[in-house]
Each structure stands twice: as C-alpha cells, then as structure tokens.
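Next up, some structures in structure tokens.
What follows is a pair of complexes built around subunit A, which joins subunit B in one and subunit C in the other.
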Partner chain A sequence: MTAVRARDWPKVDRSLLVLVGVLAALVLANGVIDQGFLSAAQLRNTLLVTVPLALIAGGQTLCMLTGGIDLSVAMTATAAAYVTGVRAADGTALAILEGLAVGLVIGLVNGVAIAVFRVNALIMTLGMSAILTGLLTVGSQTFLKGATRMPEFVRELGGGTIVGPIPWNLLVWLLLGGLLIFGLRRTGLGRLIYAIGGNRRAARLAGVRVASVEVAVYVACALLAAVAGILIGGRGGSVDLQLAGSYLLPSVAAAVIGGTSILGGSGGYTGTILGALILSVLDTMLNVLNVDEAVKQVLYGTIVLVLAWVYIRTSRARTGDR
Partner chain B sequence: MQATTMAATGSMARRQAWTGATLLAFLLLVAVKAQSGGFDSFEIQTMVTSTLALGYLTLAQGVIVIGGGIDLSVGAQMVLFNCLSARLMEGRSFGTCLLIAAGATLAGALLGALTGLVIARSGVPDIIVTLATGFVWSGLALFVLPTPGGGTALEFQTLVLGSGTEFWPPLVGLAVPGLIIWYVLRRTSAGLGIYALGSDRQAAFLAGVPALRAQVTAYAIGGLLCALGGLAATAFTGGGDPRATAGMTATLTSVAAVVLGGIALTGGVGGLLGPVVAVWSLYLIPAIMLARGVDPAYGEAVKGVVIVLVVLIGGLLRRNGRKT
Partner chain C sequence: MGETREALRTRAVAKRYGPVVALRSVDLSVRPGEIHALLGANGAGKSTLVKILTGVLAPDSGEIEVGGRPVAFRSPADARRHGVTPVFQDPALLPDLTVAENLRLTGTGAADVLERLREMDLTPPDFRTPAGELPLPLLRMLDLARALAHRPALLVLDEITAALPSDYAERVFAVMRRTREAGGSVLFITHRLLEVQEVCDRATVLRDGRDVDTHVVAEGGEDRIVAAMLGDKAVGAVPAAGSTAARPTGEKLLEVTDLGDGGRLKDVSFALHAGEVLGVVALEGQGQDELFELLAGDRRAASGEVAVRGRRLAGRHPREAVRHGVALVPSDRQEALLPMRSVRENLALPLSGRRWGPIRLNEERRKVGAVIERLEIDTRAQDEVRRLSGGNQQKVAIGRWLVGGFDVLLCFDLTRGIDVGTKHQIYALLRSIAEDGRGVLMFTSELREVPMVCDRALVMYGGRVAGELPAAEADEGMLLNAAHGLTRAEEVG
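Let's look at the complex of A and B:
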C-alpha cells in the first residue's frame, strides 16, 4: 500500500502542475489584458464566483469518483436556496437548516435509488432535476409562496468581505473543501469511494458495503450543492428558479479538467479546485474582453475540450511510463 | 450453443416485451386523453407536429446510445440548425428552402461525424466531449442568429407539418428516416457494427469490427437527425430561437425517451420504435393533466417520477429475470 502510494504521488503532482501552469498563464493573461484584474476588488470577485462552483464541483467529484454523476446539483442548489429565502421569516438559523434539509432529502432519494435500486445515476438525477423543476414551479405559486429575500446573515456570508480580497464565502469553502480533501485522502470512507469507483464488484467482494457508501456520497453531494445554492442566493440577495442552472455543466467540466475520471476511481478534489479556478478566471477573462456571448460560449467549449484532451494525453503518457 | 440461442431468444423476447409495454402505456395514455379531452385528428396533428423535433432528437440519441455512446449536445445541435435554417430561409422561395434544408442535413451529418471522430481519437469520454461541443454549437447558434427571428417559406412549413388537421406529413417525415436508419442498423455491416460496438467494445474489436467507422457512423447519423430536428423546429415555429435552455431541455428529454423506449444506456440493446412512442407518451402526460384541470406545471414533476419509476421497475424485472 505504501509502496503504491509512493509511486503515485509524483505522478499526481505532475498533472496538477500542468493545471497550475494553465491557471498561472490565464491569470497572467488576465493581468495583462486588464490592469485591474490583480487588484483586491477583482480578486475578491473572482473568489466570490469560484466558491459556489468549487463546492458544487466538489460534490460532483465525489459522485464521479464512484463512477456515477449527479445532474441534479443545479436544481438542488436552487431548491435549497429557494426554501431558505422563503423561510427567512422563521429566523436565519432555521431557514438555513430547512434549506440544508432539502439537500439532505434530495441526496437521500438519489442515493437510495442509485445504490439500492440500481437506477442509472444519469437517469435518476435527470429525473430528480425534472421533479424539482416541477415542484418548484408549482411551489412558488402555492406552498412556497412569499418573498424570497435572503436573511441578512446569508447575504453577508454569500457576498460580504472579511478583509481586503477575502470574501466570507471563502471561509465556508476552506472549511468544507478542507474536509473533503482530508476525507478523501485520509479516512476509510474516502478510500472506499475510490475502491468502489475502481472496481465496484471487487469492492463488494472485499466486504465493502457499497450501497451505504454510495448513499453517503450522493447525500454529501446534495448537501454541498445546497450550501453552494444558499451562498449563491446570498450573493444575489434574492432567489429565483434560474438561480444555479448555469452551474451544472461547469461543475462537471471543473471535475474533468481537474483530472477526475468520469468512469470513477481516479482523481481528487485538489484537481477539481484548480479546474474551478481555471473556469472562473477564464469566464472573467472573456467578460473583461467584452466578447460576444456567442464567441464566449464557443471559446469556453473549445477550451474545456482541449484541456480534457491534454489531460487524457498526459495521463496516458504516464501510463506508458510504467 | 443451444444455451446461447436460448439466451438470445430470451433477451429478444424481453426486448419485444419492453417495446410492447411502451406501446401499451402509450395506448392507455391515448385512451385517457380521448376520455378527458378528446383525441381527434387535430389532437394527433398537434401531438405529432409539436414533438417532431424531439422525435428526431430521440432517434439521434437512440442510434448513438445503441453504439455505446451518449450525446449531451443533441439539443444544442438542433438549436444551431434551427437558427441557421431560419436565418437562411427568411424571405426565400420554396425551392431555395428545400436546397437549404438538404444542405443543413448534410452539414449535420458532417458535424456528427466530426464529434464521433474526436471522441474516438481523443479518448476523452463521450459525455465530456459532447458537453463541450454543446457549448460550441449553442455559441455558434447565437452567432448565426443573436436574437429570436428569421423565417421560412410557408410551403416548407406545410410540407413538414401538413395543412389543416392532416397528420400524415409529419408522421411520414418521422417514419421515413426512421425506417431507413432502422434498415441501416439492422441490415448493413456498418449498422451491425454499431450494435456490436455498443454491446461489447472489446469483443467487437477482437471480432474485427472497425470500431472507428462504427462510432463515426453512429454520430454522423445522430448529427443528420439533429439537423432534421432543427429544420422541424424551424417549420414548427416559423423562425429560429438561439436560446440554449430549449436545447438543454430537449437533450434531457431525448435521453429519458431513449431509456423509456427500451434502449439500454450501456449500449447494444434496443430499437427505434419504442423511443418515439415514449416521446409521444411524455407529451401526453402534461396534456392529460391540463385536460383534467391539474396545474400543468406539475407535469414536469410527474414526468420525472415516471422516468425514474419506469427505469427502476425495468431494472428490478431484468434482475429477477436473470436470477431465474
């Protein structure tokens, strides 16, 4: 085990170095294009948009590590934020708890259906997305009617600044992100997640309670999405049904760019963080350049594809080394 | 030998049973619709024309999934060809429109082939590639047509959608490409290669199936059908709409319909009739709810529940079938 790990480390580092290089190049390019980019205010803005993406992509990474995927993260985030916003009158703490409870329930349903009833993860989470869309559309007219203004505390958390370029939401992310990295690398559950993704059958035969681990993964993913949703809602101040829709594809893209295999078993959160940073800086750059939305999308898609391609190439070369 | 034949017959029977069940569910929905809101030729025409584009997309997704892939950009491709054709066809004569349609179909096949080639050559998983190309296609759509607009010849609309309450033209428009592709899939070596690739990549490769050709063919057929979907959207709305959300919804529905229609997401299994019927069924659910006085916004939630339940029950049945 130790021997394997010793051989693994330098390889992981090399791919991550490539990502760090890409990120540095993008930041530099941004700095050259826009003198203001390296200012505290602009840095704060970049961090502010990165944090929710990094949280959602973290959950996505967990699911992908087991060989699954969660396409309901955007709607989960939206639903949690919506409930928090509508329930703001109950008091801040209760409202946030209710939002998180929504995430918990969604994660449980997803997890049980996927792990116990073996519904294909893609279909289950697509279905969940549709269910949440329907419920929220009707709910906003009936049982979730009311003002959707976020509580003061959430707005401060989602959009406020601690000091200089450091927004409050970074603190939330450092906490949860640190937990994720530690959990994946150093805890039994983390190793089991990799084991299931590597070979589900072998893991089961080795005595891993695959279903429990998978349920835990989808619950964690939904909770992370819920936290991200509440933060996004806090940043905007109020909530609507399109709140987090634009985070779905970037969450998958961030994990993939960061080197997590969609087939499961390899990757990690460190790469995903870099992926999320790269995507946010890229987004900022395209905004600063003031390019057409059309050109922006084309560039965005092309770069995601190229990065994924390069990553696969370099990791293949590594396999060749062995 | 006999065991394999029996197993093959068994899986065949199960597959036919699934298609049968899909048909039955559809007929049931039609019966309920007929009772609660009527189901005359006008209703049929509305159903077939408003789901025509989705029908093409579902066929596209079906062929690709049978080949062991998945395409999350079918909706974006539809939007792209919708915008492209609406922009080019505006104010043109019927003949020019037909030429444009033919060109668009060809371009669709080329785009699809390119996607297939990139997936095969890069080794990047299909979900990722099509996710990325989806961005590219919807970006191009915005470039071609920045705001909703464009147009088409009235005769072109009539040709695709039929006039009055005629529902044959759109039905034929869907059936003819469907049958041709069914023939290609089932009776030509390229098509059988797609099935072989989808059911077991390794085995197909060892058996000498040209994997690259099969994959590119599957995606090329998919691209062609997506272009037809875009043209159908142009005919249906009389213009183009570059907004990406419609494309995303369409993509998700196509995946759901493919699975409901009996194509296994693992590839290699399934036909083309089931998915199309599934699209119509998914259309009928909100229509029935509306006729029954239920808030149609619930339709989306009900759709989601139906999709999950069907896949769940199907999975359980399949597992039980394997045990006995």
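Let's look at the complex of A and C:
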C-alpha cells in the first residue's frame, strides 16, 4: 500500500495515439490518390473547412460530456450567420455581436429547458432546431429581409489567408480551442462538467449546482456554433438557410471518433480535434474519389454507430464488471 | 487417506491489471459443507479472486478445480452452471431496470426469488420498482436471494454484510448455516472479524495477492488473523473515546426540531454539539435514511426544522448544507464517486464546486496528497476510481470532505468495507474532528463502533428517536429492546 502522489495530468490516452495514426494514414493515402493534396492551397482548403467543424464539435463535446447532446448546433450556426449578414449595415462589430447574441439566447433557452425543466436534451434541441428553421424561413421574408452579404472583415476572417497554407480562421480556432482545452482540464467548471456527466447524483450531493453547470455548457456550445456559423458565412461571402446544415452529423461524429462517451463523463476536446481533422481529410478523399453524397452520409452514420458501440463495450470490459 | 474432493481448489492463481499486480499466487481450498472466510486488507485481491472464481475475469495463470474437476469458466453463467454463484461487493442489479427486468436478465425465476426472500423472513418489495429506488440493504438481500435461486453448491459472498444492519446480517448467517447443513459451501468475505468467529469454520488470509495463512477459526483468534493480514504493520492504537464522563458540551452545531418528512420520519429532535461524536443506531428501515437525506439538504422537510449554528436550512439543495459546513458521506458509495475520474479529481470535487475558475494546482496537490497519505489510499489504479478496491473507494468518499472542509460530518456506515488496520485510523480521525471543536453524526450498523468512537448514541425506532444512551451501553440487547419499542433508556427532550 504505497501512497503515490496523485498526478497533475492524466496519462496520454493510448486511443489518442491511435487517432493520430489514423489521421496520418489518411493524409498519406490522400497524398497518393491526389498529388495536389499536400500543396499549400489544398492544405489551406482543408483547414478552412476543418476549423468551423472543430468549433461546433467542441461545443458538442461539452454537451456530450455532461451526458447531453445539442442537435440545434447547425441551425444555431446558420441563424447567427444569417443575422450577422442581414445586419451588416449596422457596422461590422455590431453585426457580429448581434449574431453572437442570437447564439447566446438559443443557448440559454436550451440550457434552462434541459437543466431546470428537465426536458430531454435530444427532444429539446431537436425542437429548437425545427423552430429556428421555421423562424428563419419566415424571417427571411419579413423581419430579416435584406441583403445577406457578410461584412468585409468577416469575409477575410472566414476565408482569407495569413500566409501560405494558414487561413485567418485558424487564429480564431487557436484562441477558442486553447480556451476549451484549458477550461476542461484546468478549471473548476471543467471538472464539474466531467463530474455531472459521470455521476450527477454524486455531484449534487457534493454541493455542485448541476443546473448552473448545464446552462453554462449549452450557452458555451451555442456561442461556439455561432462563431463557427459566422466564419462559414464569411468563407462563402453570403448566407443562405442551408449554410451550416451539413455540420450537424459531423459534429457528433467528430466527438465520438475522438473518444467522448455518448453516456457522458469521459473524453475530451483533444480527441474531438483529431476526430474533426480525420473527418475533413476523409471527406476530401471521398470527394476526390467522386463518391456520392448519399453514400458519404451512410458511411459517416455507420462510423458513429460502430464507434459508439465499441466505446461502450470497451469501457465496460476494462473494469471487468458485468 | 486418499484425496478428498474439495468443493473448490485453486493453485497459483495470478492476475494483473496492466501494471497493477492484483494476485501473485493464491492457493485456496474450500471443503464441502464448510463456511470458509476469505480475509485480507483493502486491495489484497479478494474481489479479484471472486471475479476469477465466478467467471467474470480469466486468470493470467493458475488452475481452478470445482468438485475435483479442472474448470475454466467462460462467463458468469458458465460458473453458475458449475454451481458457483456470487454476490459481488457492489450491488449488481441495474438501477434503471425494475427488479423483475433484472431477474429476467440473469434468467432467474421471480417466484424462486420471492420464495427465498420469504425464507429469510423478509417482506419482498414490489418487483415492478426500479432497483435504484430500493434501499441498499434490501438490494443486497435481493442479490443474495437471486444467488440462492440458482441453488449454488458454492456460494461466494463478497462483503455482503458490510451494508447490512445486524438484524439482516443475522439472516445472512442463517442462510450460510443452512447452506452448510445441506452440504454446500460458502466462501465469505468480510472485514468484521467478529463475524468470522461467529459463523466461519476455516479462514484464509490474503496479503498483497498471496495466501499467507489458512487455519481453523476456532484455533486461531483475531490476533492471528490481524497479524497475517497486516504483516509487519502493527495496528494503530485505538484512542479512547471521550469516555462519556461528563465532558463539557460546546455550542449546538446542529439542532433538529420536530423533523418529519411526511412519511416514515416523525418528530425527530436532537442536538449535536461542538466537540461531539453522536451515534445513531437502528435496525433496518427505521427512518435513518430519511433523516440523513434531510440533514444533507437533499430533500425538503415536511415539518420541523434543521438549524446549523442557529441558522435554519431550507433544504432546497445539498449545496446549502455544504455551504453551512454540513458534509455527507452517503450510505452507498456509488452515490459519492465519479467512477471514471481519477482519485485526485474525486477528492478535489468540493474545491471545484466552490470555484469555477482556474484550479489552484498547488493547493489542490497539497491537500489531496495529505489526504491520500492520511487515509492510506492505495493509488496503484488512481486514474479511474472504479478500478480501486472497494475499501479504497470508500476512503475516497471520506477523503473528499477532508479536502473540502466541513464543520459537521454526517456519515452513514463510514467504515463500510474498510480493513481493520485502517479502521482504527478512521476512528482516530473522527475523534480528532471532535477534538478540534467540530461535530460528527454517524449512523452505524456495526454496534461495536459505538462505544469505541461515540460520546452518546440515539436509538431510532419507527421513524422516531426512541431513546438516547451513553455510548458505553450500546449493545445488541439494547438495540433489540429498542426494536420492540422497549428501550428503557431515558427519553429525549
């Protein structure tokens, strides 16, 4: 019975190394299939699409760590971008703030409904997504009518290049991603997010305000989605109602591939980043190979299901219980 | 003589979990018609051996024979077919499923289980209730009834009595004796050495993954067991309890007036003073669970009030109690632990709850390190608390509040599953908490603890405080009297 000192950092998970391996293999395969893939321009393109995904998936990871999920991320991103575009005339800064405010409100509503009124997260966010779709469709004809061209600054941020293969949006992600990793590992709130996902009752009995933590998580998720939406809008130059729809499934997939448990309580953002990179490299490859969109959807869905199953299996098997 | 057919025999069984060596080499033999105790300090490898014997885990090496024939179980169901049936250390029913659904999972007949419960003189619960809503002692008895329904030749009981009050424990002993009479065998794990003297025929002691002693209980005695369990480590001296000789009581830390929950709990009044360890004793289901839930702020009282240092608690959320310095170590440690997180995160949880911002790493490391040392937590599998042995998990549940700080400690069978060596450290800890002017309210189902650590004790019966008595007088007879409402101790208030 030796009392060893508790470690500051968890050991690097072996599954993360596996992910790095998978990513490297995919990049190589892509390089072979498509000679141009390793060129600066192509790398830049890959990063441009990965960054918004990594942001949205970051929010998704937070929700999943608490044992929840946010199915409204794609519509939140679209709504935030849409408002920013329509309000471009208010001035760039204000327009961005208005877009972010949309995210804030959505996050608050989701969070309060789920944490305080105990609405099932799946149902709540699915409903929110439907409501947003309706509001935007009607709004685009009425109260949100107008040109949907993104301000110049946002277009540069979302699609411009700093140097070589490095786009500006990478800078945004470095900032927010760093914040996320730090927040999850080295802050009290981060610990509580894992705690309520792992054992809600234990957290409550230890004096944790579970509801407040959950509200914070859904707000953070919606804000991340809003930022991502604005970046996506900036990349395209203008906004439409289908802007971010295709990001929903990948946001869940990136987190699951990265090892975040759908049951909550374990995982982390590092894995999700790798998951997002793997998905976008895979997507590029499938595009080069001219694979049909429908086939791609089936493939992604299958990956999520298989991995979710594998993680549940292994997490049980490791304790040797039941 | 020729060879006797052992009910169970293992030779050099070994098992490691990655870098952690849980079993080095274990030889164990259990005879037919024998109750055999398996003893050892926390982390010695008892539960690991149980999992191997019952088909949950495969050994890395070594041989197992059941009824004289070599076996290699592929699954728990396989072991059951060979007559080996366990009750594990943690409740095995899935909390979200009803009792009936749980039984269906293992293919156990509900009628059979009902029958076993009646044999044990228990009122069966409604089988349509989700298992998670049943009290822990009843869950343990259901685990036992389920095991019995498979008519085992070898019944393996891993610390089943740890969560049981004495009246339930007696029923378990009766079951064990009946099994023995019918020619079956029992492998019985416990940290309560009195129980070994009471029911066991022989005992095997494990230390650091090896069997170090096997002897006939009647010829051994407690000292021999403790010496074998702890090896060179001497048992810490038990500090004398504040021998109830009129010690001046400090201010009222916790005052409870006419407390009721609208159900079982009625008109409970008492006060816990600074510098006091107040015991609570009761048979199963006399309102003690409800009382502790109310005090911890987990539920709102229907009548009466709880005040901490004169300030009234509304009982909206445990946070309120925690803020006022009231900490709870719940009866079921699964209600305290974050199974997937590290020892460190589990211990530091109250600190995180208080401060959402950046963690003060140095402070945390210092506090957590001190508690790990003080409670001798075995940190070999520290990355996930669920991999710790049962006793070490319990220490983590206690240690959390030593890290977090408190004025009043509410504890429910605090030393559940903790070995004799460390138990004394925990008793010393409780006394030192009292000495620096804080207070402890402890429910215990191990009556022996009352005279050892408490200053006085409340007896609960039928949802009320039936009486109060000086700690030295708490014994089995008194409790049974109380159970029949016959306590002669002076009434409270």
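In this section, the second predicted complex is superposed on the first by the 279 of 322 C-alpha atoms of A that agree within 3 Å, B and C clash if a C-alpha of one lies under 4 Å from a C-alpha of the other, contacts with A are read in each partner's own complex, and residues count from 1 in each chain.
Here is the rule we go by: contacts are C-beta pairs under 8 Å (C-beta built on N, C-alpha and C of every residue); 3 or more make two chains touch, one makes a residue touch a chain.
Bear in mind the structure is a predicted one, so any value in this text is a computation, not a measurement.
Undergrad: On the superposed three-chain arrangement, identify whether subunit B or subunit C touches more subunit A residues.
TA: B
Undergrad: Once the shared chain is lined up, is A:A253 touching subunit B (first), subunit C (second), both, or neither of them?
TA: A:A253 contacts subunit B only, not subunit C.
Undergrad: After superposition on the shared chain, which partner residues are touched by A:N199: those of subunit B (first), subunit C (second), both, or neither?
TA: second
Undergrad: In the overlay, answer first, second, both or neither for which of subunit B and subunit C A:G188 touches.
TA: After superposition on chain A, A:G188 lies in contact with subunit C alone.
Undergrad: Per the contact definition in the header, classify A:L17: touching subunit B only (first), subunit C only (second), both, or neither.
TA: A:L17 contacts neither subunit B nor subunit C.
Undergrad: Please work out whether A:L28 is in contact with subunit B alone, subunit C alone, both, or neither, and reply first, second, both or neither.
TA: neither
Undergrad: Hey, what residues of subunit A end up touching subunit B and subunit C alike?
TA: Of subunit A, no residue contacts subunit B in one complex and subunit C in the other.
Undergrad: Using the touch definition from the top, list the residues of subunit B that touch subunit A in their complex.
TA: Its residues touching subunit A are 70, 118, 122-125, 127-129, 131-143, 146, 244-245, 252, 255-256, 259, 265, 295, 297-305, 307-308, 311-312, 315-316, 319.
Undergrad: Taking the complex as given, what residues does subunit C use to touch subunit A?
TA: So the residues of subunit C in touch with subunit A come to 17, 41-43, 51, 56-57, 92, 296, 298, 317-319, 321-323, 328, 330, 334-345, 347-359, 361, 365, 368-369, 372-373, 376-380, 382-383, 386-387, 400, 404.
Undergrad: Within their complex, state which residues of subunit A touch subunit B.
TA: 69, 113, 117-120, 122-124, 126-135, 137-138, 141, 245, 249, 252-253, 256, 261-263, 292-302, 304-305, 308-309, 312, 316
Undergrad: Across the complex, what residues on subunit A touch subunit C?
TA: Against subunit C, subunit A makes touches at 1-8, 10-11, 186-189, 191-192, 194-195, 198-199, 201-209, 265-266, 315, 319-322.
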